[in-house]
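Take a look at the structure set out below.
Going in written order, the chains are labelled A, B and C, and every chain counts its residues from 1.
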Amino acid sequence: MSDALLALLSGSVGSLAAWEATLRETTPLLITGLAVALAFRGGVWNIGAEGQLLAGALCATIVATRWCVDAPAWLLVPAVALAGAFGGALFGGIAGGLRAARGVSEVISTILLNFVAGSLVALAIQGPLQEAARAYPKSDPFPAAALLPSLGRVHVGLLVALALVWLAHVLVFRTAFGFRLRAVGLAPKAARFAGISPERIALTTLVLSGALAGLAGAFEVAGVTGQLYAGLSAGTGYTAIAVALLARLQPLWVIPSALLFGALEAGAAAMQREAGVPAVVTQIVQGAVILLAVGVSIGRRRARPRLDRASAEAG
Amino acid sequence: MLDDVSLDVASGEVLALLGENGAGKSTLMNVLCGLVKPDAGVLELGGERIDLAQWGPRAALAHAVGMVHQHSALVPALTVAENLRFGDPQAGLWFHPRAEQRAAEALSRRFGLEVPVGRRVEDLSPGQRQRAEILRALGRGARLLILDEPTAVLTPNEASALFSAVRRLCEAGRAVIFISHKLSEVEAVADRVTILRRGRVVASLAVRDLAARELGRLMLGRDLPPLARRAPPAPRSGEPALALQGLSTSGASEASRLRGLALEVFAGEIVGLVGIDGNGQRELEEVLAGVRRPSAGEVRVAGRRVALQPRALRRAGLAHLSGDRESAGLVRGMSLAQNFILKGSWDDRRFFRHGRIDQAAARRATQAAAQRFGIVPPDPDLDIALLSGGNAQKLAVARELDGEPAVLVAVNPTRGLDVGSARFVHEQLLARSAAGGAVLLLSTELDEVLALADRLLALVRGELREIEAGADRAAIGALLLGAGAG
Amino acid sequence: MEALIEAALRLAAPLLLAALGELVIERAGLIHIGIEGTMLTGAFVGFVVAVGTGSALTGVAAAACAGAGVGALFAAFTVLGRVDQIVVGTAVNLLALGATGAGSRALYGGAPPSAPTLGPLLPGPLAEVPWLGSLWFAQTAFLHAGLLLTLVIGLVLTRTRPGLQLRAVGESARAADSEGVSVPLVRCLAVLIGSSLAGIAGASLSLAQSDSFTEGMTAGRGFIALAIVIFGRWSSVGVLLASLFFGFVSALQFRLQARGSGIPYPVFLMFPYLVTLAVLALASGRARAPADLGRAYAREAS
């Protein structure tokens, strides 16, 4: 047991290499955590960050290994990122469209789309996107010009992710759109009477949230793996839910929250290598963290009624 | 909130519990029927001292206390027979729909309360629902029946039918507590009256010793001067400020479908539209708020046809005020300032520029409005959920009047408010019309409409009926009855 | 044709059981997206116990208990703690996926043994009778249990007082409360019963459809069960028909796959989810969910 803990710690923060691994795991969690936090804020239950991430990775791979193989880096890197965002936005948009047009709950549709995205990736790497050698179900390696610039083993996506956190913070708390988003999330019916359409907000939010998750997928293929294969995302999109909830849906708090889970992922890999503890244990931790985070909110609510009464009497 | 309240009621007696909105009547009754736990006190039923720690809805039913709530406590998706039975501890495990229906019919005949027992509650009229609820309490063997503002949803004729049913029950030895804030009802039905004010009993006396004026003073704690009427509006001229033409919609129920509504409201005029819940008020409100698309017809503001969307209506100068927190567009969890600017997020340049919020401007404007409208506490950063109903409503009024709208649609604008706050809202409506605004007042409260409106209309089964000037309450009631009879 | 219908019934059984479980929970006013994880837990625990005791039936019973255990966790947070049901359901799914994965590796090191399975209802000559044999006697008891439960749940909901109370709680928790029905009690019981059904559904995967446990073997069936409840319009007979439809779609998919139609394998993988999405798009809007679905209930404070 102590071996395992030691491996967890040394594998996540024990050395420079461990820190690099942690930051590398943190990057997609930052972006997808942001995607989930944004959606949940608007009362949109996007459980589909996983599928949106995969769709993004898929589109990024199409651009990098099929369409623009020979493009120069200054063009290809942004194109890959955009393609990723587009793929995620498309998947988010399908869920949003189904909800707006047919009233299909986004909870179920985004979950189902996760499976669809997984199968699409499998289909692509056995078919049109399979490597030239046709030996394994994976894509061609990305051309060097498509790879994200990196510092050591940490790619530039981390900086982009941090910038996105700031942008999301501004979006939620300072802009008219974020204002409407929060109103819909708090009271959809009242918002409708105030001229804000919950359906339209849900659609926009799902597209935006999907675009973020898709971008994270593009960063994974272009920054970490360099090619597309089936096990690209081991539940990043689900971990993102834990990240967002632990951050209490505050964009800025997503940073420490994602860092914690990133360290956990990196440490768990080391734990499996060195102490033989299966990495799936992290899923238990994630589930437990979600329950813990919401458990704290129960305690908070229990404490609130007194406050209510006090101020009502004051008024 | 209640403070050291005592009351008693004997078998065969109707006790009226009188008090203005917010005096604590409903809370007191919720204590009696077990939904609210008191901090301290004693309860005796039929001479038996009750342990309040064990008191709850189930115990209340077991002690033959039956309550008919102000807002229906029936399950809409179940039939009347199913509603009668599901909480009945005496009933067995099985439920045979046909046998239970027959039993329910027998019960309804026995007490002379006519209810279609095989239908789902959601398909019933308000009067039928209420009868079903009384029936349920009686079927459960209730010795003490509590009626919480039972006439709020009834036509005057349905109400008098209810009064005679109540009298019959008393003659059969049942005790009834009748909650109301209307003096006339108390005189019609009660033996004794207990008056609550701000959570305290201020008087308890026999109805025959009662002088209406005295009672009003006890209830309110002060004499309110009569509402100052403004000069009658100038004769109509030119385009109406608001015109509805051939407005039809689908509806929550068949009776509430709008059928070709046509109506004109001129500047400086208050048009009162009275109707009972479920006759299309909700639908009309939603159309005028821009959240329901009519199947036919159009709305014109100052002669121009307006797209029926919240933003377009607002831009055309139509404001919407509602006594319901959600319909009013108040978001709990947001601050006063955020609620104040909520409707402007698309086009209000004072608070939103280049897609960004000007928080400081919002705070300043809210603070100014809070001062002017007497909102307590006047803290723009406070969550609106922490305000009392009256103060939240004042914020909504402040927001809607902020742009000096040419047309103001007010729907039950004083529902749930105490007398002082209600008076304030009424004064604001009068002031708006005096300043040249057109006001359309939709209300279920006949008194409110009579006090304010220059012209009266009734909304009955989705159609408008003229009410002649000077028509008395009975005549208006007969007109409204076109509604609830079915 | 006979083989196709046989397969459809066989594949429908776990969906039917899980969807009936979700139906009971939703009629009480709760959305439980953790049904997937509950099934997975049932599949794992049922498998482990069956291997340990050598009895498939004991395994099924253990799966039911494990399902109820997961349900107790869900109910503790959502009913008693009034936390958002979607969030807790997600946590349940993650926990179950991690715990069963870790558990199976710890116990079997990646190579689980074969478990005793629940065989046909009546093996022998009867099972050989054309049509009747393969469609009825050769099926496992999971199908028959599902059909029986469809009937029982339908009857309980419309013809018994506890059933009326369950519906009342799901349609209007406040109205039920004021009639002396304990909303938390009814909701907790509904979650426990529904979750144990989901646990049994999981066991049918590891003890009948196969004889082994693999990580994540439910493969989204719990989510399809959610869709089945909507498609079946919250009625037990509707749920039965919808489950049969999905069973048939899966059978058709396997048939095409076996034929070697040249369609790549992942297309088949995607197929059930796409069909579910299409069905939801067509079925939503018309159906009416319980009015208090997904809403936590608390008595108002004085």
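The rule is simple: contacts are C-beta pairs under 8 Å (C-beta built on N, C-alpha and C of every residue); 3 or more make two chains touch, one makes a residue touch a chain.
Since this is a predicted model, take the numbers as computed values, not measurements.
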item	value
Identity of the chain that, by mean CA position, is farthest from chain A	B
A-C against A-B, pair bridged by the larger set of C-beta contacts	A-C
Chain B and chain C: spacing of chain centres that average the CA atoms, whole Å	44
Inter-chain centre distance, chain A versus chain C - centres from mean C-alpha coordinates, in Å	29
Chain A-chain B separation of Cα centroids, rounded to whole Å	47
Residue numbers of chain A (touch at least two other chains)	308
Shared interface positions of chain B, touching two or more other chains	1
Overlap residues in chain C, where contacts from two or more other chains coincide	301
Chain A residues within the chain C interface of the complex	45, 47, 98, 101-105, 107-109, 111-113, 115-116, 118-120, 122-123, 126-127, 235, 238, 241-242, 245, 278, 280-288, 290-291, 294-295, 297-298, 301, 305, 308-309
Complex interface listing, chain B residues touching chain A	1, 289-291, 309-311, 314, 320, 322, 325-334, 338, 342-343, 345-346, 352, 355-357, 376-377, 382, 385-388, 391
Complex contacts: residues of chain C adjacent to chain B	158-165, 167-168, 171-172, 174-182, 290-291, 299-302
Residue ranges of chain B touching chain C (in the complex, touch as defined)	1-2, 27, 30-31, 33, 35-39, 56-58, 60-61, 67, 69, 72-78, 82-83, 85-89, 91-97
Partner chain A, residues of chain C touching it in the complex	31, 33, 77, 81-84, 86-88, 90-99, 101-102, 105-106, 215, 219-220, 223, 226-227, 230, 264-267, 269-270, 273-274, 276-277, 280-282, 284-285, 301
